[in-house]
Amino acid sequence: MQRIGVFICHCGTNIAGTVDVKAVAEALGHEAGVVFSTEYQYMCSESGQQLMRKAIREHKLTGVVVCSCSPRMHEATFRKAASLEGINPYMVEIANIREHVSWIHKDMKEATEKAIILGRAAIAKVHLNQPLQAGESPVTKRALVIGGGIAGIQTALDIAEAGFEVDIVEKSPTIGGKMAQLDKTFPTLDCAACILTPKMVDAGQNEKIKIFAYSEVEAVKGYVGNFNVSIRRKARYVDETKCTGCGLCTEKCPQKKVPNEFNMGMNNRHAIYIPFAQAVPKVATIDADYCMMLKTGKCGICSKVCGAGAIDYKQQDEVIERQYGAIVAATGFNPIDAKAYNEYGYATCPDVVTSLELERLMNAAGPTNGTLLRPSDNEHPHTVVFVQCVGSRCTETDERGKPYCSKICCMYTAKHAMLIREKYPDTDVYVFYIDVRTPGKNFDEFYRRAVEQYGVHYIKGMVGKVTQNGKQLRVQASDLLAGEQLHIDADLVVLATAIEPDKTARSIATMLTASMDTNDFFTEAHPKLRPVESPTAGIFLSGVCQGPKDIPETVSQASACAAKVIGVLAKDKLTCNPCVAQSDEMLCNGCSSCEKVCPYGAISYSDKEFRGPNRTTLIRRVASVNPAVCQGCGACTVACPSGAMDLKGFSNKQIMAEVDAICQ
Amino acid sequence: MQEMMEKRALELLADGTVNRVLGWSVGEFPYDMTPAVFRSAEDLKDRFVYNDFCGANLSKYLIKESKGEGKILVFLKPCDTYSFNQLIAEHRIKRENVYVIGIECYGKADVEKLKAMGLSGITGIQMKNGEYVVETVYGNKTVKASDATAERCLSCKSKKHVVFDELIGEDGDVVEDCNRFDMVEKLEAMTPDERFAFWRGELSRCIRCNACRNVCPACSCEQCVFDNPNSGVAQKAAVNSFEENMFHIIRAFHVAGRCTDCGECSRVCPQHIPLHLLNRKFIKDMNEFYGEYQAGADPDARPPLGTYTKGDREPNEGGNK
Amino acid sequence: MPVTEYKPKIVAFCCNWCSYAGADGAGSARLSYPAEVKVIRVPCSCRVNPMFILRAFQRGADGVIIAGCHPGDCHYTSGNYFTRRRMTLLFSMLDYLGIERERTRVEWISAAEGAKFSKTMNEFCATVAALGENKRLEDLRCKK
Amino acid sequence: MEETLIPYAGIVTKITGQTPDVKTFRVEAPEGGKLFEHKPGQCAMLSVPGVSEAMISITSSPTNKEYMEFSVKKCGCLSGWLHGMDEGQMITVRGPYGRPFPVDDELAGKNLVFVAGGIGLAPLRSVINYVRDNRDKYGRVDIIYGSRSKDDLVYYDEIVSEWMNTPDFHVHLTIDREQEGWDGHVGFVPNYIEEVGLNPINTCALMCGPPIMIKFSLPNLLKVGFDKTQIYTTMELRMKCGIGKCGRCNIGNKYVCKDGPVFRFDQLDELPGEY
Amino acid sequence: MKKLSLAKLYDFFAAIAAKEALYLPVNNEVGKAEYKRWSEGVELSHQLNTLRSAKDFFFPQTENLMEFKMEGKKIDIIDTREACDDFVIFGVRACDAASFDILDRVYLVDPVDSYYKNRREHGTVITHACGKPAETCFCGTFGIDAADPKGDITVWDVEDGYVFRANTEKGEKLMAATADLFEDTDDKAVKAEQDKVREILAKMPLADLTTEGVGAGLTKEVFDRPEWASLSESCLGCGTCTFVCPTCQCYDIRDFDTGHGIQRFRCWDSCMYSDFTKMSAGQPRPTQLERFRQRFMHKLVYFPDNNDGVFGCVGCGRCLSRCPISMNIVKVMKTLAKGGNK
């Protein structure tokens, strides 16, 4: 029989405001096995913990129940405090009377009653708790970063800086990501390439960093400290080790009509190509969809001109397996497809462009070599209209758009408007907005500069329709402040399209068993306190894959993420979750039902000898669980008909005891 | 049939292929045959019997018997072979220690049906030409054999032997239109109140003798959760309606995807509760929701509860009326 | 005897990673739902044994709801897929036995869906309240 | 209407740790005094409702008028619970059950040899203290008691301070293996029987201990001249009702709870070997 | 002896039911007879016997013994026994009637089981002589006369009605209370009916079953018979035989936590169950052989040993028709009788 101590936390008035904590302490004090029951202002505070520790000592407690906030908040805190007094940490249970009681219910009587019942359930569970010992597993001292944008690069550099190996897997031929496509960055207006490419070079040259560009993660097995990842290295048809990046092949290639994705399809490239001059690795790639040699077997010019002999038309995809201790998702984002927005004429009017396309139109390395020319006739536009929130901040019923704010659009539009006005003062720039959101260092100043110094016309209101009107675009809009309808004849319309997680993120999340929200952004372990970790141990989040953010935020999150990764890799051994499945060999039938539902392959079978009746020996096939591999989901426990398979910490009897206490 | 089986058993015993034979031994009456292990030719000649009343599914005995010394010969009817195969799939039977002779079956007889016709004091049953001449102390009566066919055999799902080392008689086919879900459908078509009344009536008769469980080839646990004092759900008697429900629902759930629909549970129930209707409901649901699956048909097949698809139906969708 | 308003007892099994966090989210956002709902934390919805559900009914629950991650989002990859199959079959069986199917429910509630948690619990409580006391799976011994 | 299945509630007024896994529980009626009278060797069904019931021998002597005592080894469900509880806790007790040692009949006037191993001393202690309180009715008393180690000897303090100081009481203690701080005899009980020099004439032997000890002690008692009609032991089987009705604890036609637990070895010989 | 005309049977039922609960065999939803409480419109089953025996009336499958309220360290014991109302069972056959004597030998010997005694005292048993015995009947083996059953009142079917005979004070009281329904009669019709039935019984396949090889004083001989191994080999270890048996009386005592107290109840148990004698320390009957042997040793040797030679079986034949694998006491007795080396 346990000697249980019960501690009720006021959480200031968070709990005590709605729950009669004294009554709860009093009621739970009468429960069987409870030898001490009290309440306190803040249990999680140092003095609260001391109070608990003193009670453990004085009352020789064997189990502890804390009625407080969610176990997701402070379970670890209280477990640690209890273990300092020699109680096994798994003898501590939390009754969540804040999130599940005081914050939900207003009636004090009702809330108090519920708090008592939840306390009883926790007590009932503690009665059946067993001390659990965490096992240990070794750590592979290498990290994997999925995605080679600025987030991935920064994370990789920081991890490498700490002395650990890092692999970057990037699905396109070069690292660099979206930032490489940008022209200038807000609010400083420095050139994106100037600040990014040195980092790319650093990553490429760092001995600790291995870049698998033009590669994709295909399968992930294992668990924190011991991931085993299959990486598909897509065939480039160019030997990376031989190619010098001289670019001769790309000049000689006769197939010149391939839309250039780096320039958002606004100009063409060759079938063999290097995405941009500063690509890392600076290696050519043959686009198999367009290469005549690969398609028809006739051509082979690139091979002839390559002095290094790097061209290999017979190259095949290669799947390699690498081991990692931690994995970082840095899968980034894409602008949504604006084609769905018929009213803005994106699909039909060539002079309606997205913001990212505009970046390329203004970039010196872009299709127009940095001169702002409109796509339809390469004329200089005199009236430019920006439309904000295209696909952002939509209502739930809007299937085309996203419910969230894409966060970066207000600022980059201000940047675009300012740059246009600066370079082409004869151009009229209009920005249609719902709100202008400029929180951030020097952001509002930047925006005000656009309005006040550069004379950008900010109009609060939505654009209703954009139609082709001869050579011009007719923009119908409303001015909400003036309360009137506007018609603007524009030469160029720029849509600030929402950004969304990269399409590959979902399949990667599934492989990583990391959870995602409904918008396909990765879920963080805690929105405030653990923003760079996924709830899945050993999986970390870097950059926009977790939520919209700008470059400085991305970089700081990337570094934070690296710090967390380093925290894992710095350990020689990781303690495993002791709440794992366990098979009672005396009850096991060896039927393999459990094995079929185990997502980790943690269950194996062996023939074992047992004592039979009358001094006979029986050989039976029985299951056993590898505690380092088991993650403790409990799927097996329900598949097992005999009840041989049970889950430590969440045993059948414990859960039923909770059920009993709750339904009492 | 009996002669052929006995002859073959004697041969296999004589040539050392097997050292035991699992079959049926004679009873007190013409209809009460007991499963038995025969260890000698004399014993076989003395007690071995096979007739229309040998309905017991012998496969479950092989869990224990296949772990004994030497090989055992077993006679399995088509439906029994499914149970056997399922036990193979669950690693419960050592296949190499069993010699399976599949025996043809056109349905077994149920003496309860004869008794329900008012026949009592039965002293002999002569079987010929599809008829039973039932001799009783109250006089003789001729009954069409088909009128005495066991209920479960009237909706036989398969006359095919899914596993055997040799066959005596013909191998049949899976019966496509066996109508075995007719009663389930009838129940599904009822209102919830009617269904509740039906099942309450049936299950309230349960005396928790555990015959259904102990005879069931799928209920082969080392120790049943309901017998395990540490499981927290151990029960002994059918104390009240909840426990009757609990036992039968959980039992059906535990055998879901493993039950081959052999019908032994309903055959042995001393209270005549149609327990197979619970198992058949699960079978029918799984077939409808997750594609046709016959437990025991293929020991390598993935059972419906051991797999999933991303587009599976949602639990709240409902199925019955 | 004073007449008390009938309040159904609801047991909610919530997976640790999504739905329990969702319930916490409902709390943080002060999105109320009836106090009759009591949450039991399980690592994954697939930990919920049909025996727990029946046990709850035996002990006096009027409704049992299981909440887990959205299919595809399971922290353990596949747990909720198994939950979905198991509960589909179990609920269908309960219905087959004439036990009100509305007393049992499975919902997929992510960590971000505090609002959905609250809404679901409000709806479920209302549904169960409309059904009244659980009579068909009751154990008279457990009634006071 | 009387009903033997309905227990009394008693208060555990004192808990004494005998060995690392044996505790002795003193039970008194809520109003003080004993719950019921008993004879040496009889048992009672102890229970904590909701936990389980278990048949435990009453280790205190009937001559103790204030309370009853039960010594319980921690092994199962109920014993685990009892070991974890505090003084002042109520438990339920029903009994007394079974036939006692024939202290006033066959044993009266005899020399007595007690052979015990481990917790097996508990039922014999009732007799031993009964004999001490009726010292003139019995002759010489030899107590051969052994355990795994010194720490596993139950009632050690009582043995040393009381029993060893009782006239014509000869206590022979032994432990299985050498141990620091033990200068007494080392060896197994069955072998010790041969060594202590027992006189079987006009003597009865009362034996209780683990089955393996009984198994090897019996031939040795016979070897030193005892007859099976002089040797008594107590049996333990699974019991539920305690009154020979629930059908569990029979050996042949005898119910251990009603016809036992005390059996003479010649009686046991009549029974089938199913225990 | 008194006669009740065919037409007045239900008047008789009504007269009894007006005062106390009347139970009689009724065909249930699957056409099998079981005891049910009579009320207007309920029809008496004409089947030979009920699926379950009549022992439930005195020894129900489950019954609450007492309750405990636990609070802190305190335990309150609540005696939940209630005064039992008078009741009548009609239609008990000779075998089941004899089983009550066997149960009495267990439950009414010191210390008396008050739960059982209470019901026994308040129950009046009206037996119904068998008219059409079945092949599974062997009550004669144990000296029971199916044509002359015991009980407080015995009833025979005769051509144009029923003949009643009160055997006990209780029976007479009951008949006196309904005297106006009866007319006087002699025993001629009954004798004829008895002769007819006895003649049929003599022709039954089990008519010559004897207790040779079993009985009091044979413990050692029978216990060590090698045939137990093959007899028990196919036993499934279910409790069907024990639960349909009118004389099986083993029980278990269990506690149930209701959430607001502990209910201690008694329920039928079966010596055939593997956990029947299991202890944490060991298992005296480790295999089905020992458990199977126990059941039949108890009925055929131990019980006669302790009860002046009376066997613990009444030959009702229920286990013969209900055993899933058709192993039964008759097969056991015949095997033991064969080649028994006494």
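Going in written order, the chains are labelled A, B, C, D and E, and every chain counts its residues from 1.
Methods note: a contact is a pair of C-beta atoms (placed from the backbone, for glycine too) under 8 Å apart; a residue touches a chain by one contact, two chains touch by 3 or more.
Since this is a predicted model, take the numbers as computed values, not measurements.
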**Partner chains that chain C and chain D have in common** = A, E
**Most distant chain from chain A by Cα centroid** = E
**Message:** Per-chain Cα mean versus the mean over all protein Cα atoms: which chain has them closest together?
**Reply:** C
**Asked** Which chain pair has the highest count of C-beta pairs that touch?
**Response** A-C
**Item:** Centre-of-Cα separation between chain E and chain B, whole angstrom
**Value:** 30
**Request:** Averaging only over C-alpha atoms, locate the centres of chain B and chain C and give their separation in whole Å.
**Result:** 36
**Item:** Euclidean distance of C-alpha centroids - chain D vs chain E, Å
**Value:** 40
**Asked** Just how far, in Å, is the C-alpha centre of chain B from the one of chain A?
**Response** 53
**Asked** Which residues belonging to chain C are in contact with no fewer than two other chains?
**Response** 50-51, 55, 59-60, 72, 78, 82, 86, 141-142
**Asked** So which stretches of chain A touch two or more other chains?
**Response** 597, 639, 652, 656, 660, 663-664
**Message:** Going by the contact rule already set, what residues in chain B reach two or more other chains?
**Reply:** 225, 229, 233, 239, 305
**Complete:** Chain-chain contacts, ordered by label, are A-B, A-C, A-D, A-E, B-C, B-E, C-E, D-E
**Message:** With touch defined as at the start, can you tell me which chain D residues reach chain E in the complex?
**Reply:** 1-9, 49-53, 75-76, 86, 88-92, 236-238, 240-241, 243, 245-253, 270-272, 274-275
**Message:** List the residues on chain C that touch chain A in their complex, please.
**Reply:** 9, 11, 16-18, 20-21, 23-24, 26-28, 30-33, 35, 38-44, 46-52, 55-56, 59-61, 69-70, 72-79, 82, 86, 110-113, 118, 142
**Asked** Which bits of chain B are touching chain E when the two form their complex?
**Response** 27-29, 32-37, 56, 61, 116, 120-123, 136-138, 201-202, 205, 207-211, 213-215, 227, 229, 236-239, 264, 267-268, 270-272
**Message:** So in the complex, the part of chain E that touches chain C is made up of which residues?
**Reply:** 256, 258-260, 263
**Message:** List the residues on chain E that touch chain A in their complex, please.
**Reply:** 70-72, 257, 259-260, 283, 286-287
